[in-house]
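To start, I am sharing the structure in question, which I have written as C-alpha cells.
Residue numbering begins at 1 within each chain, and the chains themselves are lettered A, B and C in the order written.
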C-alpha cells in the first residue's frame, strides 16, 4: 500500500470514528435526527476544515470531495437507527459499554487526524516543525472543540487532561522520524498508535495534571 | 433587472433581516446598545464571512465593502431605538407579535443568504454541486450559529428541526435548475421562496424530526 | 527604533499580556495546567489568527513563527507556578489586586493588538479605511471572545461596554493620522495609549451604555 492510499485510509478512519463519537453527544442530549447528524458532521469535518483554512488549502477538502461528508452522514444515521430501534434493549449497563466504545472511537479519530493533518501540510510543501506539529494537533482536536462549543459542553481539551497532549506526543514522534529513511506507512501507524494508546492509558489510569484549588 | 443587481438586492435583504433577528436576541437578553449592535453584526455578516474564507474570497466581502456592515448597524439601531422609546407600549401581547415578525425576518435572511452563498461560489467559477449546496447552507445558517454560540444559546440548527433542511432544499432546487435555460432572476426568487415557505410552514405546523428519548 | 521593530515589540507586549489575562480565566475556573496553557494560547494568538485568515496571510503568523506561542506558553506557566506555589499567601485582598492587574494586562493586549492588526493589513497593501479599522478591532477583541466562548463565559464584548469601543477609537485615530507626516512610532504609541486609557477610565468610572429593561 502506498503513502497516499494509507493517508486516505486514515482520513476515512478518523472521519467515521469522530462521526460516531460526535453523534453520540447529540443522542445523549436527546437531540433530534438533524442535530445528531450535524454534530457528527462538525466533529468529523471541523478539524480538517480549520486545518485547510490555516494552510490555504482552499476550498477545504470537505467542500471539494463529498466522500467524507457522506461517510460521516451514514455513520450518524446508523448510530441513530441503532438507538431508535433498539432503545428498549439499552439499559444503564449496555450504555456504559457504549460510552466506553465511544471513547475508543474518539481516541481513534484523534490519532488518525493528527496523522492526516501533518500529511496535508507536508504534501503542500510546509517544512517548519512547529507548524507541522501545531497543524496536526489542530486537526486532531479541532472537530471535538467545535462540537463541544456547539453542544454547550466544556470543550474536551479542558475536560480531559491527556487529550491534546496525546496528539502532541504523536505529532512529535512523526516529525522526529519523518526525515529518516523509516517506512512512511509504518511511521504513520506508529504515530497513530502512540496517540491512541496514550489517550486510552490516561483514561484507564485517570491521570491528572496539577491544578489550583478553588480560589 | 439583471443578475448582479438581483444578487445585491438579496444580499441586502438578508443582511437587514438577519440584523433585526440578531439584535432582537440581544434585546431579549437585556444586553446594552453595543451588545445588541454586535449580535446584529455577527448574525448578518457571519455567514458570508465563513463562506468567503471557505471559498478563498479574501478579504471577505464584509471587510472590503462597508455597505453591508452599515446597513446592519442602522437596522440594529432602529430596533434598539423602538424598544428604548416605546418600551411602555410593549406588553406580552405585542411582544408575541414582535417575536413572530422576527421569525419571519430570520426565515427571509435564511432564504436570501442561501441564494447569495451559491451565487458567490458560482461567480468564482466553482462547479461542484456538493460544494455549491454546502456553501449555500453555510452562508444561510452560519451567522445564526455564531450569534447563538456568542449569546450562550443552543444553536438554532439544533433547536429548530426544519432550519438547515429548508436551506438545503432551496439550495438543491437552485442547483438542479441552474444549468437549464430558466430565467436566473426567476430561479433566485423561487429558491428564496422555497426556503422561506418551508421554514414558515414548519414553524406553523410545529413539525418534528424523530429523536431518541432521554437515556 | 524603526517601524518594524516597534511592531514586533507591540506584538510581543500584546501576546504576553493576553496570555496572562487568558490564563487567569483558566486558573479562576480551577482548570488544570493544560487548560490554563490552552486558554492563554487562544487569548494571545486567536485574534491574530482570525486577522491572518481574513487578510489571506496564510499560514497565519502563529504557525510560521513559534516565538509568539512560546512566549505565551512561558507566561502561562509562570502565572500557574505563582498560584501553585504561593497559594497560601493569596487571600481575597491580594486576589482583588491580582484581578485588577489582569484587567490592566487585558487593556494592554487590546491596545497592542489593535495597533499590530492594522499594521499587518497596511504591510500587505490594504488601504480601505473601513477594512483597516475592522481588522484592528477583530485582532484586538478576537482572542478574548474565543477564550470566553471556550471557557463558557459571556464574551467580553457583551460584558464590557467600552471594550470594542476603545479598540475602535484607537483604530480610528491611527487611520486618521497615518497618511500625515507624523512619526509612525509615535503614532503607534499614541494609538495604543488611547485604547488603554479609554479602557481603564471606563473600568474606573463604571460607565454604562443604554440598555433595555427586562422584557
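In this text, a residue touches a chain if its C-beta (ideal position, glycine included) is under 8 Å from a C-beta of that chain, and two chains touch if they have at least 3 such contacts.
Keep in mind that what you see is a predicted model, and the values were worked out from it rather than measured.
Q: Through what angle, between 0 and 180°, must subunit B be rotated so its C-alpha atoms fit those of subunit C, rounded to a multiple of 5?
A: 120
Q: Same or different, please, for the subunit A to subunit B contact, judged on whether over half of the interface numbers appear on both copies.
A: different
Q: Determine the centre-to-centre distance between subunit A and subunit B, using the mean Cα coordinates as centres, and give it in whole Å.
A: About 30 Å separates the centre of subunit A from that of subunit B.
Q: Touching at least two other chains at once: which residues of subunit A meet that condition?
A: Residues 53, 56, 149 of subunit A touch two or more partner chains.
Q: Flag every residue of subunit C that touches subunit B in the complex, lowest number first.
A: That would be residues 53-56, 126, 128, 130-131, 134-135, 145, 149, 154-155, 157-158, 161, 164-165, 208-215 of subunit C.
Q: Residue numbers of subunit A touching subunit B in their complex, please.
A: Residue list for subunit A touching subunit B: 26-28, 30-35, 38-39, 49, 53, 56, 58-60, 62-64, 66, 69, 80, 83-84, 87, 90, 95, 149-152.
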